[in-house]
Amino acid sequence: MPSRSSDAWNTPPALPDGSVVSGDVYTDTGVYADEVRSIYGQTWRFACHESEVPEPFDYRLIDHCGQSLIVIRGDDGQVRTFFNVCSHRGAKLLSEPAGNASAITCFYHRWTYDSRGACTGIPRPAGYPKEAVSKQSMGLREVRTDVLHGLVFICLADDGPALTDFIGSALDQFQDMLTGVPLEVFHFNRAVLACNWKAWHETNMDLYHEFMHVVLRKTQVNAMPMEDRKLITFANGHGGSGGDLKAKYDGYQGFSGRGADVPALPGVGPADFRFMNLFPSTAIISRGTVIRIDTATPLGPNQTLLEMRGLGIKGEPEEHRRIRQRHHNQYWGPFGRNVPEDMIAAESCADSFRSEAGRYQIIARDENLTGQDDAILRGFYQEWSKRTGRDPRNPTGHPQGRPVGQ
Amino acid sequence: MNDLKKLLEGEAVRPLIGRLALALDDGNFAAFLALCDDPFNYRIRVWSPELKKQMTWLEHDREGLTELFKSLPEHLQRPGRLHRQVTVATVEPSNTEDYLVVTSSFIAHHTSLEGQTQTLAVGRYLDIVNMSAEAIVLTARDVMLDTRDLGIGLHVPL
Amino acid sequence: MPSRSSDAWNTPPALPDGSVVSGDVYTDTGVYADEVRSIYGQTWRFACHESEVPEPFDYRLIDHCGQSLIVIRGDDGQVRTFFNVCSHRGAKLLSEPAGNASAITCFYHRWTYDSRGACTGIPRPAGYPKEAVSKQSMGLREVRTDVLHGLVFICLADDGPALTDFIGSALDQFQDMLTGVPLEVFHFNRAVLACNWKAWHETNMDLYHEFMHVVLRKTQVNAMPMEDRKLITFANGHGGSGGDLKAKYDGYQGFSGRGADVPALPGVGPADFRFMNLFPSTAIISRGTVIRIDTATPLGPNQTLLEMRGLGIKGEPEEHRRIRQRHHNQYWGPFGRNVPEDMIAAESCADSFRSEAGRYQIIARDENLTGQDDAILRGFYQEWSKRTGRDPRNPTGHPQGRPVGQ
Amino acid sequence: MNDLKKLLEGEAVRPLIGRLALALDDGNFAAFLALCDDPFNYRIRVWSPELKKQMTWLEHDREGLTELFKSLPEHLQRPGRLHRQVTVATVEPSNTEDYLVVTSSFIAHHTSLEGQTQTLAVGRYLDIVNMSAEAIVLTARDVMLDTRDLGIGLHVPL
Amino acid sequence: MNDLKKLLEGEAVRPLIGRLALALDDGNFAAFLALCDDPFNYRIRVWSPELKKQMTWLEHDREGLTELFKSLPEHLQRPGRLHRQVTVATVEPSNTEDYLVVTSSFIAHHTSLEGQTQTLAVGRYLDIVNMSAEAIVLTARDVMLDTRDLGIGLHVPL
Amino acid sequence: MPSRSSDAWNTPPALPDGSVVSGDVYTDTGVYADEVRSIYGQTWRFACHESEVPEPFDYRLIDHCGQSLIVIRGDDGQVRTFFNVCSHRGAKLLSEPAGNASAITCFYHRWTYDSRGACTGIPRPAGYPKEAVSKQSMGLREVRTDVLHGLVFICLADDGPALTDFIGSALDQFQDMLTGVPLEVFHFNRAVLACNWKAWHETNMDLYHEFMHVVLRKTQVNAMPMEDRKLITFANGHGGSGGDLKAKYDGYQGFSGRGADVPALPGVGPADFRFMNLFPSTAIISRGTVIRIDTATPLGPNQTLLEMRGLGIKGEPEEHRRIRQRHHNQYWGPFGRNVPEDMIAAESCADSFRSEAGRYQIIARDENLTGQDDAILRGFYQEWSKRTGRDPRNPTGHPQGRPVGQ
């Protein structure tokens, strides 16, 4: 029978381990708590670009699973990260998302801190028991911070692998581009989506959905033979392009000439498409003349904060910047051709799984790491499984019958 | 009678701004373009407190807009309907004769296919209006958004 | 003492079983989960009128407990229902609430389906393991569907009683009206109410609240002797009028003349009021010239989606339609005299039980199935109890003391 | 001086639209009716994407409205206060001399008895205005709603 | 030509109301005060259904407002940006020659530092406008709020 | 090291019991349920001022943890309180927040009640079993009510200490002011804040945060020597000023002359600042010419309803009233100088604890009940602990490691 009964629908497709994912990974609150603890509490996560805090005392607020963090360049030039929380009674120290704070004064009772997280002042300190509440004991909560190729990463855990161990060689192909010229963030936007963080990140890891974007149907699908594409996966759940994919901009009205008008980034041609998805949820993508970095953090099982950056060359002529901005916006702006489509897709799938009408996702494409292989997705879920200790096919261990009596 | 002239101008500009909003709400892009000058410039601009920079989120000339409108049916678009309420705040002379600078406040609502309405964005239109043309037309628009989190983005001008 | 202490208030009134309902039936999350599973997952529920999908490939989206369903007429003329969910990765297949879809193409990766739920296309299928992911295996989830007197019903469970067994003779009195002339839906509106689904359905089952509506106080309460009214209950929780109630339209300004201006429906006079409440939450109501069908589905313990339809005669002259529309709106439009009042009542009671200030509902009126007997309500809760396995008087089995220390 | 005439008309229509909204917001139905023509027609219309039909959710002539207003105190009504913000978008001649067609956008908010405000509905007014009367009056109004889910419905015109 | 005079007045008042809103939105209090008369009176008034009384939540003369604005940098203020959309509903003569009474509806939205926008308040402005001054100026404003629950309050006029 | 690691941050500061409070007291749902039951269900809570119901049948609706209550003056002049809930099916009886109701008629089925809570009418009563559903048995739920110095208090529990036992001598210093002249409420506003109820009440109990308010930095901090201030705590968790604090209004532009323009209240001078915080969450504050009473009730762990009143002298000349109103608004209006700042502070801390970035609050200031001692806060949490049976330092008994892997 071509359509499927409730029983058939609820039975996981007969696919090898790792090729099918239960909708429960997006909706179960126990799964979610585990993710926050064992993934977002333990792994390195992209925070911002170093150029966002160029000078001593420059800071940038970051949202990590609903927690506000201060990324700040110290008086000594080192970039550090602290919880944006006063040691006294928990008020938020800074509210402007970026700025320069040579001293950090809490608005509530005027305790002060410096750019290395030390508590530097407590008004009328004699009121407190001397040692337990003193400048010495009341420093800020520091978060492990490291910088690679100009990208600032944070890790909530005190101990664990170093950033370079976690990333491995996943960013090697971006090294030239990220370090060959001074870069600068010219685009930033936040969006809260009604979907699980993984549903968003999947849009970055999934090559097969090129068919959704009219732009890619016209410029990318036929730009090179599918079997000549190279994909690659890395330890720790990272994966992306293993060689540049190509675009034929002429295929889409208004995109032609793209790349002839402004210099490409170091090491790539104007029509080269390169991307790397870092576990758990950061994507670095370049399209010849411009780089996008997007990073997702969960705010709840069905609520995700997306932060998107566009990067150009620092100090480039205004006319170049304007063109680069246009190149960025064509694909990736909030009013661009592709990104709104990805957002719609992510929310659409989320809806299905949330209502438990959708039950399984199939990530079984195997093209030997060419074409539209799902290998990056499978690599992601393998790491996910290792960290959460749960089986993506049945993460809750529930019997297969579904609540709505299916 | 200088006052009367200003008056006539102010009054003449208002229906243009009104018509532009109705056309966009109706997805009637031909009607929208018919009210725009040639050349024409359209931008969506947003101040980023994160970068301390003015960002441009969309920029099109007349040709670019025309292409955009033509391509819309092929795109996967956020379903539902937009409603732009635009109030002209000031009408002022520009540096160039025959062109006026019009500042308006707007509120955009989105109504889903299920009929539920939510505030989408607020901001201002900074418009240049060409009074010398046979019919008064819009020569340039900068949409200055207060709202930066639009959830799912848009394929159409605000 | 005329007022009551906390103790007295929390003690269930000394009434026979079935005559008192605890507020917990509206608020407890365990009760709610049981309802979704054992009632909305097992019983037949009204979906839409057959005239909403008149031609092959015509479809209509339906919301069932937050799950999106496609009711579609197949190429063979048969009405079927499917989850509006792609077999691949769970995207929603259709988004317009109604339309004609000779082929259903998923926007995300362009898998396609036909009007019988078969998967008809998978782009670049060679990437998949042959049998596990094939057109043969990837059909849509079909939902049992049947049509009675032009009304389309669905049932999520693969097995169980047929529609006619479930309805029994409850719709006999509507047969003439529903089948004697071709009908058409001219009014549709959705409203999400902040109340439990039962609180809404109670407004349909409860005759005693005529006193709330000024229109009914003036046109209905005195239109016939209370003891001449006939109510009736059926197996499986259905119940309604057992004979027509009457209205004296002249009693209300602006209603007089109603019915003289347009032909009544088959089998009734212009002032006849007939209604049937189908378990779990559909009401079919006629007032001489026009039919209303409303159906409620739960979105949460305190959130209910209400879908309301007004039906007239297909192909009738425009002037008749306009009058019928007016007749409909007078009582039942979103700007009508009665329905907003019912909505206020449902939300008002919901508020009380949600805060646990309200504790019990009394449904003890016994007038021998005449007048304003609560028998329909009791019949409903009897069926509810059978299906959920819970006692309406104390559905959670908690001891009687209340959280707020009452 | 045709422009001046149009101008005068446009300017004359605006306060009428304003007054109508204020009167409804205040629940001052006598004041509302005093600004309406005799005969008068009022409709609330909604496009149903489910039925692919234009629906009428309320229709009244002057007598019907008068009766409705009279009966309100006896009805159980949604408590709170409405706030209609109406911006005239276009003022155009109609087929009939002395009558203008006025299109406005509106946003309606509801403020509960507890003082909390929420967006209730957005849409347009399509009005016919009679300019020949001693005082300018509203001859017909079609309320075209974008919003279809109103939660609890209303007993009063939007 | 009485109509024309009224017309000119109406048209002259509108940009003043527009400018006042833009100035407040921009936190440009100097610009706001430059559009206000001396003496000037500003009030925020709210009807309390709990007390059955008209309450005053803020009242300042020109000096008081000036002091308020000067002190703002020292205050801990709700971060973000306000957006006031104001539509003039009626312009009428007052009891005093050269002064007009202007009634407007407004909707105020708040956009957080993160760029998310929410409805903050709706209400009316009841304004007295001085037409005799060299430039038309605002002599008094009563802000009549429908919304009573503002969550965190405000240090700035609405 | 001046900044702190995750481990150090998660370890409670080495302070004596009662001087440190875990963020879990604001966020844990089990803690919250206990608070509603054992605090808001058991203690006396301020409802309104007697002048708000001056005449027989005058009523005022009150919100208590989301439950709607009717405070009404009976035909006999006595103030009583009832749940605003119909005994029949739970509809809300009154919706206007204040009014005069010589009879209370439920809109739904027209049952009626009198001002003493007796059920006085049931339409068509013959439909009911005689005794179980009768006027005699169907009275409203009455809530214990008492009045002290014109302040109306309610207690949900049938039994327990009398109001005067609960308050003890905490209000003695306000007796003159509250009873020496007839008072009247001229200001009322409600605000729902996104914080725990205790986060708000802490702003009232905490003297140390004077430093936040520019007005207090300029007029209060230096108005008298810190060591001359007197604070006082009482049994049952109350605490406040033990002698008047002073203000130097001249220090703040626009405040000078305050108090010279209108008579001060009985027993105080124009620059005297007196306050008492009643457990669980009512603050009575006077500043020479005007009284503020604010009371917070929880609507959820992170949602609090705040009700604020301003009181003046009944029948005073209009000009006096206007000045008093201005005095009130300067500090306490929704557009005042102080109250918005307090609201920002409460929500800011709430944010930190909700995301578990903030872990502990320090309430360890000990200045011998002078200056800015935290003794009132400690007294509050001592009572809180007694009633909830939980330790503020670790109310959930969880091990100290935090979810986000800290």
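A few points about this structure:
In this document, chain identifiers A, B, C, D, E and F correspond to the written order of the chains, with residue numbering beginning at 1 in each.
Here, contacts are C-beta pairs under 8 Å (C-beta built on N, C-alpha and C of every residue); 3 or more make two chains touch, one makes a residue touch a chain.
What you see is a predicted model; the values in this text were computed from it and never measured.
With steps allowed only between chains in touch, the distance from subunit A over to subunit B comes to 1. Any chain bridging subunit A and subunit C, meaning touching each of them, is among B, F; the list is complete. Centroid analysis (C-alpha atoms only) places A farthest from subunit D. Counting every residue number used by either copy at the subunit C-subunit F contact, under half are found in both chains.
Repeating the A-B interface, with the same residue numbers in over half of the contact pairs, is the pair E-F out of D-F, A-E or E-F. For this pair, subunit D with subunit E, the centres built from the Cα atoms lie 26 Å apart. In this assembly, the C-alpha centroid of subunit B lies 44 Å from the C-alpha centroid of subunit C.
Counting partners per residue, subunit C has 96-97, 107, 189-190, 192, 212, 345 as the residues that reach two or more other chains.
Under the contact definition stated at the top, the residues of subunit E that touch 2 or more other chains are 7, 11, 49, 76, 85, 87, 107, 113-116, 119, 148-149. An unclassified topology is adopted by the chain contact network, corresponding to no line, ring, star or complete arrangement.
Under the touch rule stated earlier, the contacting chain pairs are A-B, A-C, A-E, A-F, B-C, B-D, B-E, C-D, C-F, D-E, D-F, E-F.
Residues of subunit F that touch subunit A in their complex: 1-9, 13-16, 19, 23, 202, 208-209, 211-212, 226, 345, 348-349, 351-358, 360-367, 371-374, 403-406.
Those residues of subunit C that touch subunit A in the shared complex are 33, 36-38, 40-42, 65-69, 80, 82-92, 107-110, 114, 116-119, 123-124, 127-129, 131-133, 135-137, 139-142, 156-158. Against subunit A, in their complex, subunit E makes its touches with residues 76, 79, 113-116. Only residues 95-97, 107, 189-190, 192 of subunit C touch subunit B when the two sit together in their complex.
Taken in their complex, subunit B has these residues touching subunit D: 7-8, 11-12, 14-15, 18-19, 21-22, 25, 81, 83-87, 107, 109, 111, 113-119.
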